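Note that subunit A is present in both complexes that follow, paired respectively with subunit B and with subunit C.
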Partner chain A sequence: MTVFILRRLIQAVIVLLVTSVIVFLGVYAIGDPLEILLPGDATAAERAQVAASLNLDAPLPLQYVTFLTSALTGDFGNSFVFNRPALTVIFERLPATLELTITALVLSLVIGLPLGLWAGTRPGTLVDESVMTGSILGFSLPNFWQGMMLVMIFSVWLGWLPSTGRGDTGTILGIRTSFATWDGVTHLILPATNLALAQIALVIRLTRTGVQETMPLDFVKFARARGLSERRILFVHVFKTILIPIVTVIGVEFGSLIAFAVVTETIFAWPGVGKLIIDSINALDRPVVVAYILVIVAMFIVINFLVDVLYSLLDPRIRGRA
Partner chain B sequence: MIGALLTGETMFARILRGILASPKATAAALVCLTLVAAALLAPVIAPQDPYDLGAIDFFDSRLPPGSESLSGMTFWLGTDTQGRDMLSAMLYGLRTSLAVGLTSGLLALLVGTTLGLIAAYMGGRMDAFIMRFVDLMLGFPTILVALMILVVFGQGTWKVILALVFVQWAYFARAVRGAALVETGKDYVEAARCLGLSSTRILAAHILPNCLPPLIVIGTIQVANAIAAEATLSFLGIGLPITEPSLGLLIANGYQVLLAGLYWMSVYPGLLLLAIVFSVNIVGDRLREVLNPRLET
Partner chain C sequence: MTAPLLKVQGLKTWFDTPRGMVKSVDGVDLELRRGEILGLVGESGSGKSVTGFSLIGLVDAPGRVVDGRIDFKGEDLRAASPARLRELRGDRIAMIFQDPMMTLNPVLRIGTQMIETVRAHRKVSRAEARAKAVEALGKVGIPRPAERIDAYPHEFSGGMRQRVAIAIALLHEPDLIIADEPTTALDVTIQSQILAEVQKLAAEMGMGLIWISHDLGVVAALAQRVAVMYAGRIVERGTIDEVLDTPRHPYTAGLIGSTPMANVRGRPLRQIPGSAPPPLGRPEGCPFRPRCAHATDICRTEPAETLAGGHGWRCFHPLQDAEVRP
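Take a look at the complex of A and B:
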């Protein structure tokens, strides 16, 4: 286990280093920061002065080392737009994104698991067929268009829910959250549904496949032979077995929720990191873009690492590999 | 494969029979074929050339579906904010979306298959290296990686394709490696080696054909994913250039007037996008059942 964790850690460091080199080359070296920072009529002397102050006249490898050392201390420079440290801007926006993704995650499990169990225990029936076709429809629906349709139906036509923004937040147990106010909850419903829909489809498919693969196994037959009720077999014995793949999927799912939050936040003007990155790309706000990419890559490495560790704890057969 | 040899049935016949056996898959396949034909024939069947500025009249802008233009032409699906016929714009948009989706799908298949075969055949360090990379790629969501690539390398049609290939090859590589590992252990590969055939020939002519079933399934699903991913990137404003609007860009333009109640500019292109992605996925799902490669969902 220690070797496994150690190997994973070394790998994580390598991935982060490679990403930082690519990002550095792409964002810093290919484009010319002076074009953006200086007015068009700047003299050559002014250019040289600014270049020297930003360390842009140094050789490229040296510039990278400077970039890396300051990045390691959390210094990605100030955001051009907000004029505050890029990392601070990102961490301020992170709670809104996490609130959205966690709500969507919970929704996808609460709706997806029962539907998957329902379809899984009735293989080949109309219920199974409809739920499975419905789930294909679920992940075929282009996420952004589906969100627009939600806005059109529930905000423009019916006028039931607000279309954009986060609404009022309050404090529960020291955490600022939309759940504290009714206004906040109504603002959360549409974006969370938009984000959750494709994941619901995924959870349904996984649960259904898991149930159908587990039901014919010997231990289920023995449980039946012991006279256990069908309900107990399904919810205790079968469910426990299929929970292993589902736990790993939750990790992966959380990742793709954070990714698709970029789309959802753009549609619903949700003030999280996803909207921030799109705004920053459009505003050529390099420090924020660079900080975002490295923070997200680090976040994913941590998530994938935790999933691997969790998996090898749940299923000892995995430990030999990797 | 052996079964197919015994019955003399080609893979194509097996796929066709499998699809025809399911009414749902048949309908989906027909939708796919119709849409591909409509995209190819767009210059012929579209009522208007959306790229020809001379044919577009600004006075026709924002007309609801069914309106007539001053020159007597009917806009069955309405017009956009510049006075373009929506139906024509959608047909041309479909063309762009399909072209980008298919190109990136095929390139990813090429890259992924090559690397997957190399990993399986060479084994050892090479295998470990390639598969570590595959695992790493699969650990990151498609959209996010594509977004990062476009941010770093800039925008443009070929860069979008490059980004899509980069995020998709790993799925092919993993599937091919799995299938090829099973095949390399079989007697016929040993026999080919004894005949002194070159590694390249054994891989391309003997092992690859037996890895086709999972490739066909993944290829189908990945084309659907590529179309959806391109649309999403274009919607976010970091995808294709405005000169050749894909369905995603049309929807993005329509979104700006959606809150004003001008629904047709985003609803119809969206429905078309949904139709193509959904029907390709239904066909892919059926192919999985017919060819039965052991894939996770």
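Take a look at the complex of A and C:
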């Protein structure tokens, strides 16, 4: 296990290094931030002064080396726009996004797993067909359109739920969260649902397919021959078997939830990192963009690591080999 | 004379498929006493496994037991509710399957699977259930059972896994065990060990055992009585000696002729000409008619069972003693 973790750590460092190079080059290619930061009538002297203060006058490889050495000490530079450390700006916004994505993930499991089990145990019935048709809608209707419809129905027509912003937050166990206040929760419902819809559809399909593939297996028949109840067969024997592929896919999908949060946060004016990154790209705020992407990559690495650990916990056949 | 443990009459299990009605089991009669081992022999597709599953109400859709009576210790199992059948399964009637690689859930410890089997039928603590499971593992010859109970199925060899499956079947000392080709997937040495073990345990516990197999040799070594199945019907039944020494049905004789026997050497095995009829295209009357050298026009009608003592056969032209002896 130690060797496994060590190997993963080395891989993680390499991935982060390569990503930093690609992102650095990519951001450099987008455009010169001076064009946006300086007023149109700035003199050449002013230009040179700002460029020097932001270290933008050095050659590119040198800029990268400077960036890398300070990044290793945790300093990703100051945001051009906010004039505060880029990492601080990101970490201020990150909890809002994580709150949104984790809520969406929990929703997708809480709704998707039971529906998938329900449909899976009744193949070809009306229940199965309805759940499957619903999940196709969840998949194929564009995310932004679903968001707009949610706002239209629940905020505009019914007036039940607020459609923009995060609402009041409170502190639970030292973390600022919307769950602490009712106002916060009502603000969370629509964006979290919007983010969760496609995931719910995915979880339903994975679960249903898993159930239908597992039910005809011999060990299920043997479990019946042993006199076990259908409940125990479904919730212990079948469920534990299909959890293996579900955990794998959910892990990967959690990353894409954070990515899709960009769309949802824009529709619902949610003050998370998704909205921050869009604004930063528009403002060519290099330090924030680079730091953001590296933070996301680091999160992906951590999630994948957790998935691998979970995977070996769920499947004893892998445990010996890890 | 004691009442039989199990008495099956006219059992019919049909599968309603889009291409037509598949009559997998089409009028099967069986009888089994306590402490007796009955071999149910037939080739693939003859309906012997479906017969086994029909007895405990585990026929997969679209299959259905459409007719017949299943008397188990005086109780009509066809009339039993699903809840009652679940109670009986694993408790009074246990089953052992063909492939030990597939019958245990790979992601659960064998202890978990044994304990849940105990607790599905008895209100006992986990510790008691575990003790019972360890005891059962020891009984079937698993070394260091108290340790091995925490292992996962993949940590056992095929033979050991089948022993685990047998231990699970024995947990509640059932009255009846249905074994569906339990040694087919094992190599010959392991097979004979398991056979000896099962024979011993069945005798010790006084339970009835139905041993489903395509291997007449295995059945001859194990069972007291045998029923030969062909195309969904029992074509001949009787004691091992009656059926093997004086087979009346040409199909039985063909099976015997095609089985390698240690005492007859240097002679090529005989084949039964043709192949078993497809499940949807079975001929009327005697299903063996197209492959039978003795067939006449009367074979187009359904042969009834002729009984001579315990020896019964369904044939219009039963073989005479003289024809049988090799």
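A few points about this structure:
What we mean here is this: the second predicted complex is superposed on the first by the 272 of 322 C-alpha atoms of A that agree within 3 Å, B and C clash if a C-alpha of one lies under 4 Å from a C-alpha of the other, contacts with A are read in each partner's own complex, and residues count from 1 in each chain.
We take it that a contact is a pair of C-beta atoms (placed from the backbone, for glycine too) under 8 Å apart; a residue touches a chain by one contact, two chains touch by 3 or more.
Note that the structure is predicted; figures quoted are calculated from it, not measured.
Steric overlap between subunit B and subunit C is absent once the structures are superposed on subunit A; the two fit side by side. Annotation: apex subunit A, arms to subunit B and subunit C, angle 80° (C-alpha centres, rounded to a multiple of 10).
Contacts of A:K221 after superposition: subunit C is touched, whereas subunit B is not reached. When the two structures are aligned on the shared chain, A:L94 is found in touch with neither subunit B nor subunit C. Legend: residue contacts after superposition of the two complexes on their common chain; A:I111 is shown touching neither subunit B nor subunit C.
Touching more residues of subunit A than its counterpart among subunit B and subunit C is B. By the touch criterion defined above, A:S163 lies against subunit B but remains apart from subunit C after alignment on the C-alpha atoms of chain A.
Once chain A of one complex is fitted onto chain A of the other, the partner contacts of A:F260 are limited to subunit B, with no touch recorded for subunit C.
Legend: residue contacts after superposition of the two complexes on their common chain; A:H237 is shown touching subunit C, with no touch to subunit B. Aligning both complexes on chain A leaves subunit B and subunit C separated at their closest CA atoms by 15 Å.
Chain contact summary for the complex, subunit A toward subunit C: residues 216-219, 221-229, 232, 236-237, 240-241, 244, 314-317. Contacts from subunit C toward subunit A in the complex involve residues 56, 58, 60, 86-91, 94-95, 97, 99, 102-109, 113, 116-117, 120-121, 152, 154, 165, 168. Every residue of subunit B that touches subunit A in the complex is listed here, in rising order: 24, 132, 136, 139-144, 147-148, 151-154, 224, 228, 231-232, 235-238, 248, 251, 255, 258-259, 261, 263, 266-267, 270, 273-274, 277-278, 281-282, 285, 297. Taken in their complex, subunit A has these residues touching subunit B: 11, 15, 22-23, 25-27, 30, 133, 136-137, 139-145, 148-149, 151-152, 155-156, 163, 202, 205-206, 209, 252, 255-256, 258-260, 262-263, 266-267, 277-278, 281-282, 289, 293, 296-297, 300, 304.
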